[in-house]
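Two complexes are shown next, each including subunit A; its partner changes from subunit B in the first to subunit C in the second.
Let's look at the complex of A and B:
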């Protein structure tokens, strides 16, 4: 490369990496053992060796525009084989955490979600929001009687009115979660777009042809999603191979619960409006246990807890045995998902036992944790859902005819 | 000593199977007229008792035909007043028989070795150690830096009186200017406060040490055990300053008025100063000076903010250093990846140290270290790791292409071939160049000897000006016996290394004093009590011995007659090899002895197949190599007879003439490698031998002999696998030439 790089290391970036799990970053002495063992490393692109020296030199702009950082699945081979204990896998994790914060929109929220210091506030926001709405909607802490609770479950959590077309509960649930979801989706899009632009920029050269939206989805995004679902890359991992055992059930559980939510919405809030009284009564209230969808929901919930439990155990073990650093970034997501699972399943069990007060409390926590999952998705480790998928799409783009001729056929 | 001889032949270890022992002992008792006994295991208790019984009965000179003289030396030691001569029948006869060896050839080989041993026994005498009238046991240490302080303290602690001379007003040397020093103990990660003050205090409070500051050594005359040292005030001139060497050519020019006499106003080197102080040995620890890096113009060395590491250390000691600093370890440029000269590993660690000053003095400090080689030996790897772990220290291998000064005095450094796989541009406040540590011996004699061969060490250009010591074979020796170097004059080294080095030098200095006291040699012939004796009546003042002595042991008077200094002598015999008059001899190693041994080789003059070769073998490396070849049962031509010599430098031309005139068909010399990676234990011996043999070629031609009949080869001790072939090639070459035409005359 003939163009000389003017280097101005960012000391704060290095400090951040060291605090976010990359405390070993400076130990790397460029032996390239990591690149030899890494399944992602390619000829002329010694990954993650070059990322390690960029990180040592505080070159954050290069790192956040580097799709490879996001393609890494932290299989742990590099960390396990590093002769100097530089733990490249952990450093890359810290870089990803930094990237999510960096691309996060709006920045204030993203920064708040970047460290344990923001955690009280992260919890306080949904607690206050949902708590206030609960109090307002219910006219002040109304708890159902045991009989009423048995009939409608959490259907009257936010109270009840007689407007036929939209129940009060659904109104409030939607009032909370639809904006949160839309906000998260918008923020994710903004972040992903910013990342895509940075990455494109880092490729250099002028590109005459750009893919259309359809081409983008068909050629790049869709295959990336399929690959993700197949967990192909995870299967190439060596050291942390058993993470597949946790991650795959988790992903499938999320899909199952998504389906259940969709079913629930359709059946209760749409279909029930157009059927007879008797069926409507059946559709309203908790889905009966015998319903196969309910079965799927329960299996999904259990799979979720087991999946995240395995990841939890793996991480604890890695910290103990490999010296992996415990970080807010990693543990927030594990704790968060575990909270969603436990509160959800707990609320259901307590409901079946018929203790409204405790059930309501757990349900409240369930709503809080789900809200957190939604709203903070673009800024926490959960953001990998978006960024990694986009990076995988970008990888396909980079190898496609749209880019390759411009960078000399590589 | 009235000699009473007896010869013994051992039949063990395969000797009995290889040769006809009865016939062999017949040669000894008949031809050599020496009583000869045989025994199955001479080295066993019974065998030794067998010899001891004869010694008790009055035998005082024994010839032992058994294993190599390199082994069983303690077994066949019958006391200092007895002579033991060994014939190597095991390694060089029994164990080195070629596969197709004919018995008569082997028998003749063994017979020749017994003839040579018997001849040697007859010609050798018991040496008597040379004793100085009085031996002074004080140690002079020149230089009061870390090396000198350590050497002085160690020698004093061992009970010797020490005088420590320092040119500056205060002791301490370069370390006085340091802000921090390298870690010296576990965990080897953090810089330490300088300990030089304690080191100085330890020396000044040591009762055995006399300190002379602001003082220099004008000249060191004399020899180990009796050095006569003249001091002077630092920076002044004295009539006792050591005179420069004026060779014959220069003297000629001076006489003709073509050049000025460099020694005007100086006492000649042989003149004795009655006021001189006496010392037993000298430790030279005069250290180093920072290298000049102004030649690297692409690094803008003239810019105000481009400094050397030595200057940067001063800035750091005085106050705060700038926040953005680039440390350039190698000049880079386009040509090569070499470091600045005289760096060794020291400047790598200095950069790691100074980078920490940048970090300590500035919250946002950034130190870039651009290196071609990062050398952090031993525990210093941990120091390197800890520096690397510092957030603001950035390391990369790089070829620096330039340093440019900006309008505001800041600098822009450009570099290529970096670990970042991209060319770099760095904007910095200051650039530090890793200037090396130039030994004080590079441009000055420094040790200031009043010796015939000049005031300084010799051939320093081979070693970039470092005081030569031959690191592998004899780390502390110099070519001036009794002068031991340590610290920066020997190599760019860290404080830790210097302390070790100076301790070693102090012990060598003590060892030398004690050897001089006992009248024996220092390394490599440690304990040898022989010394060269001169028959001055026949000296022609040719000055060859005084010129060629590798250790400058010989001074001379105005006429050129050598003035020997036996305590400077290492007993290599180079003077003996040089002398055309053959008047220099050792009691137990002399012209007559080796010459007679060569002539004792039986040369059949009626057999075209039985050619005879003498191979004069350096006993330090080549002889063991031949023994090792034999231990591996590598066949060696049985036409050659090996004659061990102390050093090829001791080989006198007359031995070659003796060999050829007595009908031997060829002579080969096997010695050590010479040149800048020399392995000669006496530094110059093999090189000198090679030159002499170049000259003998002409002589041979004039006699009608082919110059190919004499050959010199260089052999390392590890060349045991090559030696047999080397010998065979020589034999084959001469066989092709045909027998020596002088045979039978």
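Let's look at the complex of A and C:
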């Protein structure tokens, strides 16, 4: 080959990979077995062989602009067949973790969420925030009596006032979670936009036409979302096929709980304002067990715990049998979702048993874990829900006429 | 002269294995005056080399080299040779080993002239192990055309003892009541020249050996090309005997792979290049594709590689084959990623040769004799115990290296036997 390239390896990037579970990257000798055994890899420019050598060379700019890194679902077939134990699946996982940190906004927060060192701070922020608001709003750690607790549940967690249009509890819950959610949504958008731009840039060339927002959604994003929900690619995996059994219930549980949250918001905060006294009291209390929505919530909570439990078990098994490296990146999300499920279901059970002090404590932990799930979403493994979806949309874009025109292209 | 059990002077050498390495070690030790026993589990000497069509890089047949060694062996009264014999146990210590051996019955005595009348009369057949099961012999058979000793042998598993061969034999050479014999030797040192086996191709599940007749191993290719092979030297596809119009070679089939053989088997690249010359002789125009990780042609072999790489009909693709698909027409499609262009390639071939590596024979039996081995099963020579290794029992090697380190092992065995 006559084209020469000056390789300027980024040593810090290689060091980061080694710390984030990609320590085996140096073992790769480029036999390319991985690219063939990968069930998700395309025929033209397949992965992960090329990513392995880019990683060895420290070419981080290429890697974070490479949609293939995100199209990888860590099936583990490459790792199982790798003749050198270079574990391409783990290396790509580490590159994804790096990319999320790289695209994270603001950078300080993203860096904090990138390693176990930041974990105490990640927990401390919501503990202090929610703890202080609880202490202030609730008037000095007031615990309800057993009777009061039975009637209102966690409805007076942040205390109670007599302002008709907005209860004190809802005010504080919204005060904490709406900004956190909006912030995470904004940060995700910024990160995803930055990634899309980098990926487009890496395609090279000048494109005369850009998709409109509607075209983008209809032609690229929506099919990617549908494909994700169907777990099409996951199902092609060989070695770690079992993860579908955990991931699918987990995704469905999230959707169910999203619906329940929406229902709860509408019924308590909107509908209740316009109905009679009796119905309002009903709507403001805990949703009765017989209500189908409550049933859905409980099923969702159990599916969540079971789903993440399966992923937990699979991960442990992979670490034991395939020598997959244990990383903060992977375990944080598993632990985090498990915490959300256990504290949520636990708080509900203890409420039904009628022990206010313990129930309040669990509820507090539940709020803390949900806050962490929201706020740190764009920087932790949870970010895959945004970045991978966008990458799958980009894959469609890359194959579309916008990039490779049918006439006169290439 | 040596007697049945021990040598006249203390300090005999036992050589385990009668391939090119064992022969070399035994002859070198005997020719400087040591008393040597050489044992071989097959009915013939010559080992893997005898199965080759040609050596690389000079492309001469294995009779060149083996014959002269057989001649040296015949003329040397210090060597006692036992075929069909294996080690059962080893006791004692350096300088004073008692080795118990077992000789399986050949059922044919030294009256045999290898006239072949017995085989003509024999009604039973067996898979021909020498040709890697690609054809059959009678239950009484000659191992191969240049078997040494040149004597027939009966496969006890295939024989029904019908007695037709006894009637056919004009020399009273067949003894159906021959029994296994266990005996003990006193020796001072032992040279293990136990050689290698081709790595079991069925273990690479993604290469799907066995799913198609078009997938063969490199040792099968040697037999196909050899004059005494199942096709009398014509390279034909097993099963349908089609003349292949295209060929592909899969390098590192099991070698350099921690899931199989973690080391480089050293010979497979050169064996493939050599086998391309077999193909060229018979199919001057057939396209050949070689899939490799790195082509390893060390030292002077570089020239051989250069010559073969100049062939315009041979394509070398850097990328390991990770999937082989059997096709309806009897051929196969090999799938790899070309690591230079970065695209997946699918190559259709009528015959795909898996360049399988060497698995040391000692891997499975070394532990029971207290040998020190590395984790791959290669025997580590130990002067303190006077146990030495030679040839491919020591490391994956070509014939030249094997004879060199066998001579070295002989020297060490002599020193340990003084």
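FYI, the second predicted complex is superposed on the first by the 397 of 410 C-alpha atoms of A that agree within 3 Å, B and C clash if a C-alpha of one lies under 4 Å from a C-alpha of the other, contacts with A are read in each partner's own complex, and residues count from 1 in each chain.
The definition used in the following text is that contacts are C-beta pairs under 8 Å (C-beta built on N, C-alpha and C of every residue); 3 or more make two chains touch, one makes a residue touch a chain.
Here the structure is a predicted model, which is why all the values come from computation and not from measurement.
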{"item": "Partner chain in contact with A:50 - subunit B first, subunit C second, else both or neither", "value": "both"}
{"item": "Subunit B versus subunit C as contact partner of A:179, first or second or both or neither", "value": "neither"}
{"item": "Subunit B versus subunit C as contact partner of A:9, first or second or both or neither", "value": "first"}
{"item": "First (subunit B), second (subunit C), both or neither touched by A:29", "value": "both"}
{"item": "Which of subunit B and subunit C A:18 touches, first, second, both or neither", "value": "first"}
{"item": "Touched partner set for A:204, first subunit B, second subunit C, both or neither", "value": "neither"}
{"item": "Touched partner set for A:37, first subunit B, second subunit C, both or neither", "value": "second"}
{"item": "Doubly contacted residues of subunit A, that is, touched by subunit B and again by subunit C", "value": "1, 29-30, 50, 84"}
{"item": "Residues of subunit A touching subunit B in the complex", "value": "1-9, 11, 14-15, 18, 26-27, 29-30, 50, 53-54, 56-57, 84"}
{"item": "Contact set on subunit C toward subunit A in their complex", "value": "206, 252, 256-260, 293-294, 318-323, 335-340, 342-344"}
{"item": "Touch list for subunit A against partner subunit C, complex", "value": "1, 29-37, 41-46, 49-50, 81, 83-85"}
{"item": "Complex interface listing, subunit B residues touching subunit A", "value": "364, 366, 385, 388-392, 394-396, 414, 419-427"}
